[in-house]
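Chain naming follows the written order as A, B and C, and within any one chain the residues start at number 1.
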Amino acid sequence: MADRLSIPKTYKLAIGGAFPRSESGRTYEVVTPKGAFLANAALASRKDARDAVVAARAAFSGWAGATAYNRGQVLYRIAEVLEGRRAQFADEIRASEGATALQAAAQVDAAIDLWVWYAGWTDKFTQVAGSGNPVAGPYFNLSVPEPTGVVAIVAPQEPKGASLLGLVATVAPALVAGNTVVVVADRAHPLSAISLAEVLATSDVPGGVVNVLTGSPAEIAPWLAAHADVNALDLSGAGALDWVDLEIAAADTLKRIVSPEPGVPSRSLQRILAFTETKTVWHTKSLL
Amino acid sequence: MSFLEYAPAPESRAIVKLRPSYGLFIDGSWVDGHGEPFSTISPASEERLAEIATADEHDVDLAVAAARRAYDRTWSRLSGADRGKYLFRIARLVQERARELAVAESLDNGKPIKESRDVDVPLVAAWFFYYAGWADKLDYAGLGANPRALGVAAQVIPWNFPLMMLAWKIAPALAAGNTVVLKPAETTPLTALLFAEIVQQADLPAGVVNIVTGAGGTGQALVRHPGVDKVAFTGSTAVGREIAKTVAGTHKKVTLELGGKAANIVFDDAPIDQAIEGIVNGIFFNQGHVCCAGSRLLVQENVHAEVVDRLKQRLTTLRMGDPLDKNTDIGAINSREQLDRIRSLSDIGEQEGAERWSAPCEIPENGFWFAPTIFDNVSTSSTIAREEVFGPVLSVLTFRTPAEAIAKANNTPYGLSAGIWTDKGSKILAVADKLRAGVIWANTFNRFDPSSPFGGYKESGYGREGGRHGLAGYLKAGN
Amino acid sequence: MTMQHTALAPAERAVRVLGGDLTERSLRLHLEGLSGVDAVGLEQRAAGLGTRSIKTSSKAWALDTIIKLTDLTTLEGADTPGKVRSLVAKGLNPDPSDPSTPRVAAVCVYGDMVPAAIDALGAAHGDPDAGLVSVAAVATAFPSGRASLPVKLADTRDAVANGADDIDMVIDRGAFLAGDYGTVFEQIVAVKEACRRDDGGFAHLKVILETGELTTYDNVRRASWLAILAGADFIKTSTGKVTPAATLPVTLLMLEVVRDWYRLTGERIGVKPAGGIRSSKDAIKYVVTVAETAGEQWLQPHLFRFGASSLLNDVLLQRQKISTGHYSGPDYVTID
């Protein structure tokens, strides 16, 4: 029997729970480290970024308003579904990043475990970072961290590739508190980002909570940095861009900013809290 | 006679002994400034109170260098317990000199003595007491074991709560182990300069606290200075934005407490008399010179007429005048510039069709005054419903349902504070959940406490002051 | 004598405000529909009013006003005609060293002491708004109010027949706390009727809520409305036999109710804090609270009274300080 002719996958954007092509109609070639053609990815435009922000904003109140338990279950569900598709992700990473089978599998496993780690935080970070405040007066006074809003992320752009793990290491912590995300994926290795979006779409993550753009961070990031409806900017993967200019643009609407750092950010509570706002509620207290 | 025209009850000015002129407080001593000196006046009488030095870039340089030296050589080597003891000393000295500080504050700022005496200065002492106790407990600040100070903190504060803002800045900075260079606002430098005397009386090591006076240029030089590790600013969103741009790309950690346009939401099941008091306190406390002021009254439409009617009646009992009179409720507007802004925004409010009503107050001949004013039938698109007036001007808007109240409350680039008035607990908690604001007062308003984090969402800034959160703003994780 | 105050016929107010088919249910709906009170805010407002600094001419005026508004009170089991005469003498001439000192508004005694009080007052007996001194009698099984209605009514009629100008009745707190508002209402209505004099006029009815037993401010507000609807001319905080008695927040709250009643009907109801007000400083806080809440026009005997005994001497000491310029001492004011 002759070899079956395979069906190549079309990699598109993920915006508002749908998988559209770039409104610009543009694509770019994704190649192996040796230059062989892998796929055409959508080359997102500023208008795609705009649409992604609209979708993220629309999804915010639902995701932020979900119970912490529910958000934890959804994030854990991502790990479960990802676990079932380890092979696909490992294949994509091997092809796109030139990783060995072992390295690729290790990256997928690390990404899955990272989802599990962050999933467990959804109903705990509030307790750890919040406080009951003993004010000098007849008041009940409580501080709790709440999601900042729409977070725009430039995912790590590792030359040697960490496309799945880098994405998860930036997107997952932002989701914990209830933020919604617009993420610009690793430009050179965007395949696992889009495949992850497909996982999210089948993991009870509401549409619009995570919006994935593939293409040029240098082109898209300035639009996100200056967008008035973006509340926070994670520049973890923007070290090679004019990131100071991005921070200056973000200052116009006083966005919360995470500055670039080399490599894949390590997991931390601080990353969750970077996209939270402490809300303090006072209420009078009396028996009379 | 009318009993309500209470006989004058002025607080004595004799307790404050001002010098004719003040220099800069750098490295533990008073030095001359190299910029053009300026006068600070009483906004209630326009009387000149003292001549104040202006720090130019060179002076700022000296101050930052002094702070750095103090950080490297003494303060960072001191035990937390000893830093705490210095802060406790300061707290006690503030209490001992409380009346003097209150009078000086009211003179320089124009706020009623009952506020400086009963709110500002007691909170200043409380702030130092609170953070004094933190100095040797930094392992519990939430950054893991052995967190480290940042180094030199540049702090720029506004004129609305001069000494209180100083305390909010200096107390946590010193507790965490930083040294500071603080610039008070140019219209209200006096209490910061009196505080420098307290620093001397407390025998704080030279250079740990430096006070540089001047206008915006001095603040800019301080914030831009490459030798500072932390920038803490309270003031307008416009300036905050510039600071955020200035520090972009640097290692400087930033806390910004900026403007606000808080909604004070009154439901039809509110405890009505307390809600009226809360509205009054929300917007007329400190002449409305409060970033978290409840400047937008969102009142449920079915009680709108009654609330406005009761509010007006209540406002007729407010007493405007001499800030040093113990019965004064409404003092002077802090500066002519601010008065002009309030007037111009109020005129715009009127032109845009809102219904203006002002309390019948006698306006003193000298000084800067603005009677408590309500704008009724304000629409969400009105300028006075969107821009921060920073004065005794209340915009009244209505809503029909809780969802509409929440939507209107959140419909602003600001997000500092909000108020909720209802007797229904579940509604309070649900509405509080949905409001995008950093401080929410339910059945109360404008309450502050050193243990309670304060700060905004969105364009109201970032970082928190007060509580463990405020301390963390002056620390970084240890190794 | 004639009282300027004309009382309404019993329950007429309730009919006017709640409608003709006055029922327990309509009364309950009204009382339960009143706006709630946030205790912290109320107490803060009271504390804020308490920081008013009343000096010089304002203080002198306030001190005289306090005397003019005082129901000088003795309510002891050991009261005798001699004690009451002594009280009356004090009320008529509080400070023998200063004839400019005003008289008190009334003396307040048990019902059986009314004749002794009237006798001692002689020609000075009359309307305090006209500078005379009236006689108030506590009634209705004061202070507990735990007696049957016929006994309470007999107690009231007896005091009225003895010539009492004011009747200070207590409400049935037990019935109120049990939610039996109708009973409380009907008893007030009945007592009001029992205040009717032979000439067709009414003795002034002060309704004591005993706020210290009602405990919550919501209850105080409901009880205040209930008493007014039933025909009270005055609402009074306390018997003085229960702690806490009068407090500034409770009085503020009751003043807010009479202010609201005035907004609603144009009719002015009086307020009487009683018990626990012992210093001039405290009493001045009440005067300020009246002026800034209900309005200055309430500072008249037919709209505001202090129920007090030891307060008077402290006010006299303060008066002496103002007139002589130095501090006085307890030997320079008389005991009654």
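The rule is simple: a residue touches a chain if its C-beta (ideal position, glycine included) is under 8 Å from a C-beta of that chain, and two chains touch if they have at least 3 such contacts.
The model shown is predicted, which means the values in this text are computed figures rather than measured ones.
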item	value
Taking each chain's C-alpha mean as its centre, the one farthest from chain B	C
Central chain (distance from its CA mean to the mean of all protein CA atoms)	B
Intercentroid distance (Cα basis), chain B paired with chain A, Å	37
Centre-to-centre distance between chain C and chain A (centres being mean Cα positions), rounded to whole Å	70
Approximate Å spacing (C-alpha centroids) for the pair chain B, chain C	45
Where chain C touches two or more other chains, by residue	38, 40-41
Touching two or more other chains - residue numbers and ranges from chain A	139, 284
Residues within chain B bordering two or more other chains	443-444
Chain A residues within the chain C interface of the complex	138-139, 284-288
Sites on chain A touched by chain B in the complex	61, 65, 128-129, 131, 133-137, 139, 141, 143, 148-149, 228, 231, 243-244, 247-248, 250-254, 256-257, 270, 277-284
Chain C-touching residues of chain B, taken from the complex the two chains share	1-9, 114, 118, 269-274, 277-278, 317, 326-327, 423, 443-444
Contact footprint of chain A on chain C as seen in their complex	38-41, 43, 215-217
List of chain B residues in touch with chain A within their complex	126, 142, 237, 240-241, 244-245, 248-249, 256, 258, 413, 415, 428, 432-434, 436-444, 447, 449, 451-462, 464, 467-469, 477
